[in-house]
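A, B, C, D, E, F, G and H are the chain letters, set down in written order, and residue numbers restart from 1 in every chain.
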Amino acid sequence: MTWTIYLSGEIHTDWRERIESGAAEAGLAVRFTAPVTHHEASDDAGVAILGAEAEKFWHDHKGAQVNAIRTRTLIGKADIVVVRFGEKYKQWNAAFDAGYAAALGKPLIVMHQDEHAHALKEVDAAALAVAKTPEQVVAILRYVIDGALEGYTDGKDAAR
Amino acid sequence: MTWTIYLSGEIHTDWRERIESGAAEAGLAVRFTAPVTHHEASDDAGVAILGAEAEKFWHDHKGAQVNAIRTRTLIGKADIVVVRFGEKYKQWNAAFDAGYAAALGKPLIVMHQDEHAHALKEVDAAALAVAKTPEQVVAILRYVIDGALEGYTDGKDAAR
Amino acid sequence: MTWTIYLSGEIHTDWRERIESGAAEAGLAVRFTAPVTHHEASDDAGVAILGAEAEKFWHDHKGAQVNAIRTRTLIGKADIVVVRFGEKYKQWNAAFDAGYAAALGKPLIVMHQDEHAHALKEVDAAALAVAKTPEQVVAILRYVIDGALEGYTDGKDAAR
Amino acid sequence: MTWTIYLSGEIHTDWRERIESGAAEAGLAVRFTAPVTHHEASDDAGVAILGAEAEKFWHDHKGAQVNAIRTRTLIGKADIVVVRFGEKYKQWNAAFDAGYAAALGKPLIVMHQDEHAHALKEVDAAALAVAKTPEQVVAILRYVIDGALEGYTDGKDAAR
Amino acid sequence: MTWTIYLSGEIHTDWRERIESGAAEAGLAVRFTAPVTHHEASDDAGVAILGAEAEKFWHDHKGAQVNAIRTRTLIGKADIVVVRFGEKYKQWNAAFDAGYAAALGKPLIVMHQDEHAHALKEVDAAALAVAKTPEQVVAILRYVIDGALEGYTDGKDAAR
Amino acid sequence: MTWTIYLSGEIHTDWRERIESGAAEAGLAVRFTAPVTHHEASDDAGVAILGAEAEKFWHDHKGAQVNAIRTRTLIGKADIVVVRFGEKYKQWNAAFDAGYAAALGKPLIVMHQDEHAHALKEVDAAALAVAKTPEQVVAILRYVIDGALEGYTDGKDAAR
Amino acid sequence: MTWTIYLSGEIHTDWRERIESGAAEAGLAVRFTAPVTHHEASDDAGVAILGAEAEKFWHDHKGAQVNAIRTRTLIGKADIVVVRFGEKYKQWNAAFDAGYAAALGKPLIVMHQDEHAHALKEVDAAALAVAKTPEQVVAILRYVIDGALEGYTDGKDAAR
Amino acid sequence: MTWTIYLSGEIHTDWRERIESGAAEAGLAVRFTAPVTHHEASDDAGVAILGAEAEKFWHDHKGAQVNAIRTRTLIGKADIVVVRFGEKYKQWNAAFDAGYAAALGKPLIVMHQDEHAHALKEVDAAALAVAKTPEQVVAILRYVIDGALEGYTDGKDAAR
């Protein structure tokens, strides 16, 4: 069985790549999905394809709806949803994805620094794990998927 | 039929009261629900009832989980979910509620000022209405529930 | 038990009133719901409440989304959905409602004249009854709800 | 992951072929499904297999129900549903499919010319994109599936 | 809380009346629903309301579909479904109702004599109780709803 | 896409083999599933594996429950459910399966001779096709899956 | 709105009465439901109503299935499920109810003493609150339902 | 079709291996999944990855939540859930899994010795088979998946 992991949230650091390369090194049977992380493409997809808008609101609306075709489909197909909150910006779409995933009953892993812990308490309370680093997320995936825990197992997996 | 409207989000202004009094004046058959809006009670509910925690994280976690008993139940029972984003704070729980409601298929009304429009575009794209004032929300409820639209109808409602 | 009947479709004749008065005469325990049938209000609800739009497309979009708050909620709560196709217009929203109701598993009664039978065959094929007159719909409701069939029963109802 | 796209609606132009060849050129991992588009076969499938009917209504009914075995199954399995409204005919089955897909929570792309925009406003309001040409649909699929947007990306896809 | 009990199946003996009067004597907070049990009305409802059919098959089809508006709605609303198989006839609609209720997760009570036990083993295996008499069904309802069991309790009910 | 077809009902004639060989000849991408059709194994599976029972009722119950592990799982995974009623026996499990499939929203094809039409009218009314021969079922599958209809198409399939 | 609270688990102490009287004193709009707590009636309900069994296993089976008519229905209707683990016995049915409620998405409150914390960690991990006393459960209900928290609020409730 | 079987419960004997090797010998198309059965890893997974906790309760909580990412996902994907109760310990997580699987409608096979039969009667009553040995479970799987029953069939399977 291949697990599908949706990586939602912050798009300005390399956290997705670190999780993906960590999982590859660990030889996990995983497939990662994500929103389009090209910032300008993500903003303009609606108008670039379907025609320009005079109003910024509708420019944004068209783009966000086209993005939703991808994000809601991929969240719906995911086995696990990881949501990363970065140091900056409002990141309301990340919190929206977390709520969306929670209502679908998807296991949720939230990743953020301590400084956001209080503001994120409702989101954390809906999660099954709260991590700080991509390496912790990889370790969780390795344990959850392969039953392997450093210092405890030799990597044999009861689920295989 | 009585409609149930969940009012999520910002707790420092009187927007809930303005919607509730507007709806009452309009004679709408509505019941409003909301999270606990007493800030300190909301923060401390977990430890005040179930015992103190040494770690702030678990203090928050206990409280947020007790709050979730209320909020997820009430969102699940709501006919319409209104989510208000204020001028300040991260308000990730508001965006989380919006995502949660969207995944349950609840009609969503989002309320915020123009300055947040771009940051909220994914949330707005999941909504059936984006309002700026409590009075607009009341007007939507009056139209949706009673079929009454100022300047158009005399208040007769086909749904009655 | 009160049955809830959603009356979708054509808004230019008195078919809803005829069903409602027929049901009242028959003493049926029913509640009727419907879209807002005031044509201009229905077209303009979005902009009248939330602000004007320069583009007709967004004018329509805003209105249709506000109408959807009402129509999808009421179809979701209905026990039976009746969809009437009139002599004129495209009436795509009526067919949309029929598909929406069918996917929710709602018992569907379609009402139209013979001339539209071929064009409506897919819609009819999803229905549990295809009627031509409001009086037939009333007779179906009377039979379904009260077990009463003219010429057969004396009105005693096993379901009471 | 292969995406499944259901192409509903108008059967007299080559829009399906244009989407399919465009997707093939773009190298998208997609599979297209559709109703039976052979008009006469679609009309007569019921009676040709299960026996003739004296009444046109039942001739149509039998055929429409056999078609429904295919269409409802394929819509249920689709990741995205595209519905095309052409210049002519009532096309109530297209609108029915749109409603059916919407109630199942499928992302909906509607394709039609401007002249039908007002009549289709309720259908458009349930869609995540409103396109005019098959090429726009291909561009949406390319963006949604591969994260590629002409003029913005070099085709690298975060979801791969 | 009032429990709703759907009484499906055989229509030629007084088993429904015996359950209803037994429940009334026991003072249970129950509401009973059932198909239309007037045999001729049930057979002819379709054609009597919607017009005669030359073919017996379509005569039956129209009637059965109109009956389904009632039966599927009421089974869907029931808390418990009781299905009675009598001594005679095929009674395939009773078995159909049992399967329908089972797939909806409704608690199922089956009632029949020993002679049918082998033929009904798959239906019985989906039931939570297999009874022989209406009085046993009343005793089950009295226990399930009021927690009262003759010879054991004095009728006090933990659920009240 | 491979379609999965569950073949429920009568086990004493070769109708399953005729459908399977017909589908193979037509080159359809189908997989057929069915209950265990070895009569004695089906009756005794429970006690043969889990230990004998003194009471015939529990002998049957154990077997029927073990069979249910297979049948309910396979019906749940089927794209189409075909239910065959033969000339003899009560066949309540066939009608139960039809009801079970209907409540899950599975497209239902019923197969029986004219003599049972009246007794099966409620089951037929829930079906999308009523056939008399295995060859008709194959023709339906060929049309539904491949879009091929003898005398109309050359076998090209719009869904491929 | 009246909240429905299912009280599952241990039946030998007065914890249900203490929660019910505490809720009554606090004036909460709640209705409590529970399994039948009369131990002997609960064990014998099946055979007392439906006939004796020679085998203890089937004696138990019949009773447990009759109890399930009540317990699964009431858990399904509950807004909140409270599960109490006592000092003695295996109490596997309590843990079963907790799992059943969790899979239905019901908010879960678990009540037990510290000594069982490790053995119950998976159950606790699915809960939104872990309490030790009936009084804590009442305080949670008072907070969740009325927004009242001793020492913080004056009992005014935003949800009213 | 490959069947997925989740093996829940007791982790101190070789029952999983015996089922797996038995299924392999029988050539069944099955895939087995299970919780992490390394006791210490299972207890410590949360803190080992996400950081130590001063309180034992939160140590356990973190671990149990990480385990839930695996167990709830795998139960949700299973075709059949087998739950084994051993001779010792509380095993509340096994009963929780049984309840969780039951609410999801998964076919449930329970395995335990006679001595626990009374304490497990509610769990057994939700099961489709109650076995005592791994070999019986293998025999059930062989019958359910391949239609093969020793002494009855020659291994031909109607479902193949």
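Here, contacts are C-beta pairs under 8 Å (C-beta built on N, C-alpha and C of every residue); 3 or more make two chains touch, one makes a residue touch a chain.
A quick map from chain label to UniProt name: A, B, C, D, E, F, G, H = YtoQ family protein.
If you're wondering where the values come from, they're calculated on a predicted model, not measured in any experiment.
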Least step count from chain A to chain E, where 1 means the two chains touch: 2
Proportion of interface numbers common to chain D and chain F (over half same, under half different): different
For chain A paired with chain B, centre-to-centre distance based on mean C-alpha positions, whole Å: 26
Whole-Å gap between the CA centroids of chain A and chain D: 30
Rounded Å distance, chain D centre to chain E centre (Cα mean): 42
Between chain F and chain B, distance of the C-alpha-averaged centres to the nearest whole Å: 49
Chain E residues counted as touching two or more neighbouring chains: 65, 68
Residue ranges of chain D in contact with chain A within the complex: 1, 3, 79-80, 107, 109, 128-131, 136, 139-140, 143-145, 147, 149-153, 158-159
Parts of chain H lying in touch with chain B, wherever the complex brings them together: 54-55, 58
Chain H contact footprint on chain G (complex, rising order): 56-57, 60-61, 63-65, 67-68, 71, 85, 89-104, 116-126, 130
Complex contact set, residues of chain B against chain G: 4, 16, 31-38, 40-41, 44-46, 48-50, 62, 65-66, 68-70, 72-74, 77
